[in-house]
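Chain IDs A, B, C and D follow the sequence of writing; residue 1 opens each chain.
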Amino acid sequence: MAGRQIYNPDGFKNVEENGKITGYQFQFKAQYYRGFTLSIVRDIQVNVDGEDAAREDIRFTVNGETFTLEEMRTVVDSDYRWEFGDYATVTVQKEGGLAKGAHHIKAMQIIAPSYMPFQTEALCEADFEIA
Amino acid sequence: MAGRQIYNPDGFKNVEENGKITGYQFQFKAQYYRGFTLSIVRDIQVNVDGEDAAREDIRFTVNGETFTLEEMRTVVDSDYRWEFGDYATVTVQKEGGLAKGAHHIKAMQIIAPSYMPFQTEALCEADFEIA
Amino acid sequence: MSYDIKRSVSLYSYQDEYYDGKLDLEGCLRETAKTGATGVELLAEQMIRRFPLPIETQEFRDQWFGWLKKYNLEPSCYDAFLENKIYDNRTLSLGEQINMMKRDIRLASMLGFKNLRTLVSTPMDVIEGSLDYAAEMDVKIGLEVHAPFSLNSGWADGYMEMIHKTGTKHFGFIPDMGIFCRNIPDVLRDKARRQGASEECIKIVDDSYAQRLEKGFVKIKYDLNLGKANMEYRMANGMKEMMDAVEKAGGGPADKAYAGASFTYSWSEPQDLIDNIDYIFHTHAKFYNVHEDYVETAVAIPEVVEAFKKAGYKGFLSSEYEGGEHLRDVGVDSIEQVRRHQEAMRRAIEG
Amino acid sequence: MSYDIKRSVSLYSYQDEYYDGKLDLEGCLRETAKTGATGVELLAEQMIRRFPLPIETQEFRDQWFGWLKKYNLEPSCYDAFLENKIYDNRTLSLGEQINMMKRDIRLASMLGFKNLRTLVSTPMDVIEGSLDYAAEMDVKIGLEVHAPFSLNSGWADGYMEMIHKTGTKHFGFIPDMGIFCRNIPDVLRDKARRQGASEECIKIVDDSYAQRLEKGFVKIKYDLNLGKANMEYRMANGMKEMMDAVEKAGGGPADKAYAGASFTYSWSEPQDLIDNIDYIFHTHAKFYNVHEDYVETAVAIPEVVEAFKKAGYKGFLSSEYEGGEHLRDVGVDSIEQVRRHQEAMRRAIEG
């Protein structure tokens, strides 16, 4: 059952630094109808091919600035919001990145808008290819 | 050796709520030459008559709003700064408060201005009376 | 009573098209104008990047007022979100929350809005502490009455007390027409079917809703702990019995989801609008699915508009489309839905 | 070279009187004007409550410019503090720091300042990222060269590179005259005595300073970790040997405090000012104790002013009194100290 686009189909890739592959990356939109400060992002959980990424290995980039999930707890700057309808880039630090070929991602966006009694948990799944 | 006034001499008192004495209170000025957000107050340590107050029992009031030290970590509102030269009110929750008569306070202000390599630690001592 | 009922569109209605990049903010205004609506409701945090900075610039405001002129639209309501848990280590203090509310009042005012929507989660003392500023800026704070809340209830009484105590002319209610649902919307039901819910379980849930409607819903109480208030409300309205029946009928995840979701709709009497009309200056015309024949699946539009006429309502009915979330797997067309809803309202208002 | 050396007072100088409630902001401006100075340097966060909100209001700005007119003062420099560790869980990102710097540039500009003081802790890329905005607002960012830092050093070279690379006309240095101390200030020494330091230990520390001055101070290196840079600097300049000697002489807390504090003063050659004059547009005239005969205890005022004249300096020398902290147990009179210092400078400039 298809839904609206969550992941950027062109966003899945390995990340290289100084000639070495240090991790993999994807881009997705917030499953919420409003832009918000990063400080209300409780967690981004990433599972690729059945393997959970560690929270400390996750990096989150909006508008050219990158944060850990821990740092995001105090990011309230207007320039670094997760804007409605815009992709945020998630990088998972992983030596060697992902193998070429097909993969499956299950990522959870856990966001806590102040007016909601409970945090929202949006499971975002997709198949993708590393070229 | 006298110094400049740190404590408000009229600020030492027990605090009453609903007919019961729930703690004691004092007022002092920041030992720093600039106003600052509460978020850079790393700690307020209070020792009266040789007894340390627990961090969780401390309440900090500026401009009519009261915070725990834990809450202060994210207080950056312009209305709730520790202004240069102004008293902040510290309330220590303690059943029964302090006995009438003479007491001695040693309080430490631990503040971390961003440009300093190390946090400042100002020991503030005084004798006072509970009427 | 002489009434002056105008039509507005809340840009919330176009969220799916905006999300997909099919419409931008100006595009939403353009589509709004095409429906014949004369008012626009804005969620600044939804469609203005780098909120709130652009609103502070002359450039953006000139552009905004230019668009309003171009599309012949009046700002009807500014929807605020009080982010009082912006940090995870605490709820903002009363003073900080009031500062945040005042900021939103100021932003609303800068964009020409006279009404500001605040959510049920806004503490009463935050509203009370902002009333003087609201009066100064001539912006009315409207507490959105959204399912499961209702007018003429213990919950609303608390706010009525505050109005009387302060004598304020700058606080009132914004009913969301989702509190006038005769039944669960068909789009939710059809989605449940696509997800594998059984007809038996669907019937249990639908019958349960019909019973609540007949008996009269037990109203929700005022409690700053909204999770608690919500849970008590559901229990008082037979949620346990309904869930047990679904369980017994072998209900799976889709059945249980349908059952749980059914509590986000409610019915209250349109008479409540007449009783409280002195405090209603804006309305969210919530809707879920308007068919080709201009009949909406759940919200009792004709009865509600009739009550507004009888009450002498002077204000906007602001289309707020919330059906898209149940159609994302098969395709959403908010533009067409809003067009139909505006026509449905036009017929009810002019009929 | 033709010079145009004007006199300013940094209101930092009046901190003790302000702290005691003897002077308010206007009072500080009044005292500044009485000294004959024509410029005023402001630490907005020190003397403007609810920073930065008042600066954003027409009311405050009108009052500020009214005072400047009344007291015939020109805004010479705005002292900013980049609170990039405003939260304890992280250092702000580069983008956030640049936003903070831009905010300060904007605030400085709104109060009529053309110069902004930034501290050595400000990362170079934050400055670089703010240069376009500084040019747009025509505010020059000055990096304060404060002991233990110095011009004509590896540390300063890094910044010179940035100036050449960017071609900016809106970044330079603000020397703090505490880098021209011939000896440790007497107020520090006298306080050490009152606290029980021995003459023997005091001599060890004073001799150690004299040695550093004769050999030439080993300069501090650029390192974002200022604690580390500071410690390496102290070690390279004989701190261990000095502390060992103090220990051996039976030094107690007061002796050790005097020894440690001695490293916050330094000597560099006034020639450095001439060499770098193209990048110096403001100066902190730091001082510690001006005696009745208008001779300052540590800072080599005549030599420094001579160098500025030779270099053709066009700008303010801004009195920055930092002796009060060593006199709080016996009584501080910043007003008299600043008066004397202004007179000392006047004599040096006009003599």
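Here is the rule we use: a contact is a pair of C-beta atoms (placed from the backbone, for glycine too) under 8 Å apart; a residue touches a chain by one contact, two chains touch by 3 or more.
According to UniProt, the chain labels map to these proteins: A, B = C-deglycosylation enzyme beta subunit; C, D = AP endonuclease.
Here the structure is a predicted model, which is why all the values come from computation and not from measurement.
Chain pairs B-C and B-D differ in how many C-beta pairs are in contact, and the one with more is B-D.
The chain with its CA mean position farthest from that of subunit D (AP endonuclease) is C.
One finds 42 Å separating the Cα centroids of subunit A and subunit B.
Chain centres here are Cα means. That of subunit B falls 30 Å from that of subunit D (AP endonuclease). Per-chain CA centroids place subunit C (AP endonuclease) at a distance of 57 Å from subunit D (AP endonuclease). For subunit A, the set of residues that touch two or more other chains comprises 73-74, 79. Annotation for subunit C (AP endonuclease): residues 87 touch two or more other chains. In terms of inter-chain touching, the protein chains here make up one closed cycle, each touching precisely two others.
By the definition of touch given earlier, these chain pairs are in contact: A-C, A-D, B-C, B-D.
Residues 12, 15-16, 18-21, 43, 45-53, 81-88, 119-122, 194, 225-227, 230, 328-329, 332 of subunit C (AP endonuclease) touch subunit A in their complex.
Across the interface of their complex, subunit D (AP endonuclease) is touched by residues 1-5, 29, 33-37, 39-40, 42, 73-74, 76, 78-79, 81, 83-86, 112-118 of subunit B. Only residues 87, 89-90, 93-96, 99 of subunit D (AP endonuclease) touch subunit A when the two sit together in their complex. The touching residues of subunit A, when paired with subunit D (AP endonuclease) in their complex, are 63-67, 70-71, 73-75, 77, 79-80.
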